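Have a look at this one before I ask anything.
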Amino acid sequence: MDYKNEKLFEEKVFKDPVHRYIHVRDKVIWDVIGTREFQRLRRIKQLGTTYLVFHGAEHTRFQHSLGVYEIVRRIIDDGFSGRAEWNDEERLLTMCAALLHDLGHGPFSHAFEKVFTLDHELFTQAILTGDTEVNAVLRRVSPDFPQKVADVIGKTYPDKLVVSLISSQIDADRMDYLQRDAYYTGVSYGHFDMERILRVMRPEEEQVVIKFSGMHAVEDYIMSRYQMYWQVYFHPVSRSAEVILMKILHRAKDLHNTGYAFRYDPVPFKPFFNRVIELEDYISLDENILMTYFQWWRKEDDAILSDLCNRFLDRQLFQYAEFEPATEYRKIGELERLFKEAGIDPEYYLVADSSSDLPYDFYRTGEENERVPIYLQMRNGELRELSRSSEIVEAISGKRRTDHKIYFPEDLLESGKDENPLYGKILELLKN
Amino acid sequence: MDYKNEKLFEEKVFKDPVHRYIHVRDKVIWDVIGTREFQRLRRIKQLGTTYLVFHGAEHTRFQHSLGVYEIVRRIIDDGFSGRAEWNDEERLLTMCAALLHDLGHGPFSHAFEKVFTLDHELFTQAILTGDTEVNAVLRRVSPDFPQKVADVIGKTYPDKLVVSLISSQIDADRMDYLQRDAYYTGVSYGHFDMERILRVMRPEEEQVVIKFSGMHAVEDYIMSRYQMYWQVYFHPVSRSAEVILMKILHRAKDLHNTGYAFRYDPVPFKPFFNRVIELEDYISLDENILMTYFQWWRKEDDAILSDLCNRFLDRQLFQYAEFEPATEYRKIGELERLFKEAGIDPEYYLVADSSSDLPYDFYRTGEENERVPIYLQMRNGELRELSRSSEIVEAISGKRRTDHKIYFPEDLLESGKDENPLYGKILELLKN
Amino acid sequence: MDYKNEKLFEEKVFKDPVHRYIHVRDKVIWDVIGTREFQRLRRIKQLGTTYLVFHGAEHTRFQHSLGVYEIVRRIIDDGFSGRAEWNDEERLLTMCAALLHDLGHGPFSHAFEKVFTLDHELFTQAILTGDTEVNAVLRRVSPDFPQKVADVIGKTYPDKLVVSLISSQIDADRMDYLQRDAYYTGVSYGHFDMERILRVMRPEEEQVVIKFSGMHAVEDYIMSRYQMYWQVYFHPVSRSAEVILMKILHRAKDLHNTGYAFRYDPVPFKPFFNRVIELEDYISLDENILMTYFQWWRKEDDAILSDLCNRFLDRQLFQYAEFEPATEYRKIGELERLFKEAGIDPEYYLVADSSSDLPYDFYRTGEENERVPIYLQMRNGELRELSRSSEIVEAISGKRRTDHKIYFPEDLLESGKDENPLYGKILELLKN
Amino acid sequence: MDYKNEKLFEEKVFKDPVHRYIHVRDKVIWDVIGTREFQRLRRIKQLGTTYLVFHGAEHTRFQHSLGVYEIVRRIIDDGFSGRAEWNDEERLLTMCAALLHDLGHGPFSHAFEKVFTLDHELFTQAILTGDTEVNAVLRRVSPDFPQKVADVIGKTYPDKLVVSLISSQIDADRMDYLQRDAYYTGVSYGHFDMERILRVMRPEEEQVVIKFSGMHAVEDYIMSRYQMYWQVYFHPVSRSAEVILMKILHRAKDLHNTGYAFRYDPVPFKPFFNRVIELEDYISLDENILMTYFQWWRKEDDAILSDLCNRFLDRQLFQYAEFEPATEYRKIGELERLFKEAGIDPEYYLVADSSSDLPYDFYRTGEENERVPIYLQMRNGELRELSRSSEIVEAISGKRRTDHKIYFPEDLLESGKDENPLYGKILELLKN
């Protein structure tokens, strides 16, 4: 039989706390899961540093990827198959794209990317089309199949309906991560009636639309997203941990660039310090390696690197204060000056960080990065953009909310303020 | 105020998926949680290799330890306080012992201990009483407090009631891990009505007893335990991963001992290879370091070490066959001979493994390792051992169930059997 | 011991699916629960006709009342006791008011009240202060205790903090029913983190306020409320059942008033038909009696009464169409005319019904029926009205949403349209 | 299209707390649900008097019947369709039998049956094959279809596989009620992994068997059943309510037979008192009518009838004592004598009641009422009776456990013991 249609002799199942069971019948899917590059996702946490606030959040991109695959599988097999608008040829392609959409994520994804100015989406493309195990499996389907998978993930694939299942404002990716992150953190947000949403999804030429009767389930989903962003993803303490993590990588890079002699040679980091990165360098990297070096760097002579590593590993994080950039830039200048005067490097110990989210956006032609809106299918067949029917969604549409904080080592300043009056002055300035 | 009675200005809470919230009011508890040695438990998984079968099982000993603490706190604060049999002086001690009972666990606990013949309980004692941050915190309570905590965990503390809350057949440790492991694996076993059990627990002089009306809740707990053992803890595939893990460590030790020149010097392992272990060597070790070396050892010249590391990281595990040692020892001998003849080292590729559990045991005087049974408190006040009232418990009491399996690389044998007839012969022998 | 402080020898618990356990230690509470008037609430459904849409919604006002009591008990015993603003003298009073707040509800509460222009709040007062078992229990606390309980429920009690626990925009009543109704209907809305809300509630002089850090939990609660209203409480099919129910009662009353000779004498209804109602008449009535008469009235000679009873019991409900009163009043006139011409009484078979909700309202001085808003307690102690901090709540504040529908027997019209062209004409008009 | 294959234009769903959604695509199923006889099941509680102990247990046979249908539908549509052993012709028949298996249940099923020596299974047959709406629907499938449905329910249908889905030791009926009763009572027992069981069910010629790998899920199911029986179904207080209910019916019958002039003529009961029951008499009866008469009989002159009705409605139940018939028959005799002497009729006020359950039974040829055991399908295809593989099941197999209690009005005796020394004597005898 054709490899792309080959079924396993007996269906395989993964026990999954979120979807109960994840079902695999297609041989291609099974083989993809078994590749080294996909198994690597077991060693990358879904929520980076969030586990330092919500101790349950140790779950990985591996299980999230399986979850996205399962949602897409259910949409196609239980809802779309046989519908006129849906092209069954693209079933395997869509499921592979779902499974592999996060393949290029590096350790502590966003922090690592930011420090080394990388883009995980490019790595996803590179792994799919490079000399890898996963490429070998996909190529067996057809020579252009790896590129097609990459195109769906990169949103350049011509069939927009397929793309919209993987990335849109109500896609399988978000539906999985909201539920999964809620489950593992234990928060009560993040629940919505996915089963209902799957039942009211309808394929249309360009994207998935939602039957009008499912509007309230979608409202619930959008509210979930809103709550998860502000309660979990942008939690100020988790951002503190991320700030420290970035400063560790930053410091190590600076030390390397200035010829510091590391006690523990940072071999796996060098390609990133030097910006000459082979695909293999990237694939071999995972969070275990970073954490291992952080352990070792505790013992480095450089006081900043050592201190930051201790802080990260022993969860002695920075404290934070509210901070309004538009009006308080002078205060920051003053603080930086004081930090320097007090002998604390503000580059590493006085860090401004902003979080921002646009909970739902309707279409505004001509804008960059336009996001495809969610459409409701009314009883008469007409499509109507969600926020025109839902007053809750209307209320939060297109409103970007931003939160600015400034992070600093309060513990250090507090314990030293009796000896060093500058410390006290800094604290006073920070707290008012 | 006395440190041991000091309360936090405002109660701290941890969001926990299992107990919803974990509450900390005592300053001592808060300080213990902040120590480096306790934070280290974040880097040790609760269920070792189980995540390779149940992908949700990434949870750590850190959160389990908090969970055990929270259960003990509820038992004492909501149930025992004010009861005649309970001595409130021991409240803090019991909570500290609950929090710290797993402090000495190493990476992949049982596997690591087995290969290097260590005992995590001794390390728990050593960390509590050695030159550590946690010792410094506990010593502030009183000079003998660290030793007292160690005694409760080591079961030598004179007040048996305190000991029984931490380790008995119905202790806070088990109540937490059954529920927690069920939650993270997603299995439907592991549920029992803990709230009910906490309500029917009564302190008695020597141990906790259960009001008769709570018998069925306890039955449910024991059945949960039974199911979790056979469905999760002894899952044959998870044991396969553990077998490989042990063989990696075993191989590395052997290579070291025979003077093999590692491409990646196994610095953190050397104290264990050489059996000269400082406390600091042990505390610095965690699962990230092991996983980092496994990554590096993939590239070692030694084919066995490299292959086993690839298998572990990419989840290419061994298959297994049932095996009855009493009657099939000859078969094992024959298999070993064939493996050697085929050029596959049976030491690493033909591994017998047994799991065994005694779901509940009543007291039999004079036996070693006697386990304290669970007592029901009848309406007339009399105590009666559980299995005398519960026919379900009676049915499984004292019955040790054992499961023997033999693990081997079926993939290797299958793919080579056309070229090497010995491989085919081995497979045939293994499968019948 | 004083009756009001008397405790049960052993705490009693009710197993409750929503709160897990409901705890009773106070003798007064136990005695109140045992009264005939409170037990009567077992025979009145919490959600009236909703069970005809959500078949799980058979739960009663009895269990809701216990639930409200339990929430209030937890707020007081776990959160308020010992706080300066809270007066512990009023503990029992508040718990009794919580338990008894729905005491005067009649069968199918709102429908019955509407048809006979009654007010359940007056009956609550009457039962509390009349010659009843519950009055006898409360009087044992003190002679003015029954009146005090009535005052709290009637919102005239001087201590507004006590009143606000039972009725405000975030009271125990709502917190129980949202969760309970969600549980029994099985919908995924209605979940919010009550445990968190209880933890952030703070007593203030005039009302309960919410610590700022709990804002998101309150947002979630308000969104739950919003979703439950539109998904469950105003479900158009449930309203159809309620329309029929009201029309049954209406018809029976009209028949009685016009001297119709009932085959089954409506003895228990006569006081209501004649508007001479003794307290005992009201207390004896329950949903069983109504349903029994509906069964019997199936066999009445009056075709309308009989048909409506068949429809209600066998769930052959009316269908509905959207209807906009402001612009479509002429259409209604036309429909009424056509109904009459076709020999169908529009009084009973063409029914306009509107639902309307104000999800959250902030305070606007000078308006009637002003609702006390929810206040957040900011970090600096200042109180701030919720919608000034929460953009989600702001978005839906003070916006009344109304839904108009017109109900009619589509089945009848459809089955007769071939014989009677008027039926077809009516259908056409209704559907466009 | 053939009626039996007709599908609804759009699938209908019922929101169900236990199975989330119940799906109906077949027109026949939809029509059956709409019949008067099926809708009647809304007025019969699933658990009779249990709501007087577990206040959540107000759920009805209507929703249980839908649940059993849904389980069977999933088994067939998701698991059996296309398998060689399964005959798809029988799909509709099996689903109808599932839906209608409880059709003949009367109000407070077992109690009512016992007092009037009726058999609900005969009524199920009678309703299916009599002049009823449900018969009319089924006849449209084919003239012998109503009888076939009756045969499946009556276990005389030739295809034993079909029968075993509806009634065997692991049938859809039990799987629904265990979960449903657990959900509505709120107990933590009753959970098992139904999804897993459905996945491991295999059709065999004579019955459903279970793949060996699903053994532990089945163990969990059997333990659930065991716990539910003893914790919920045989709860001594619920039995007390049932005892009183039976005594009410019993008393009314006796009064009727001895010519007592009822103030409220028991019209709907007369056919049962006189044992001349038309099908229509039975169908018209429901729990509302019984409860209505109980309300009215409170005011009857007969002191016993009135007292028992007050007790039932106001939940002033009988207390109970343990009682061992084999050894204590003399005590009962003595008690009866004392009751008579004290002027309390022991026929109504001293009631022995026994509960007994056989949690699982294996096959014993030649016994009456033999129960088909559960078979596991081993890896080699061989079938093995469950208790031969499962030691837990083995432990409880074939062991009948019986619980005897004697019920009496302790309140009456207590309150009168100071005036009547016989009362004290009775109490003393009962409590020792």
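Labels for the chains are A, B, C and D, by order of writing; each one numbers its residues from 1.
Criterion: a contact is a pair of C-beta atoms (placed from the backbone, for glycine too) under 8 Å apart; a residue touches a chain by one contact, two chains touch by 3 or more.
Every value quoted in this text rests on a predicted model; they were computed, and no experiment measured them.
When the C-beta pairs in contact are tallied for B-C and for B-D, the bigger tally goes to B-D.
When you average the Cα atoms of each chain and compare centres, the chain farthest from chain D turns out to be A. Computed centre separation for the pair chain B/chain C is 52 angstrom, with centres defined by C-alpha atoms. Averaged Cα coordinates give chain B a centre that lies 44 Å from the centre of chain D. In chain A, 20, 187 are the positions where the chain touches two or more neighbouring chains simultaneously.
Only residues 14-18, 20, 34-36, 39, 42-43, 51, 54-56, 58-60, 62-63, 66, 183-187, 284, 286-289, 291-292, 295, 313-316 of chain B touch chain A when the two sit together in their complex.
The part of chain B that touches chain D in the complex is made up of residues 187-189, 191-193, 196, 216-217, 219-220, 223, 226-227, 230-231, 391-392, 394-396, 399, 401.
The touching residues of chain C, counted against chain B in their complex, run 13, 20-21, 195, 199.
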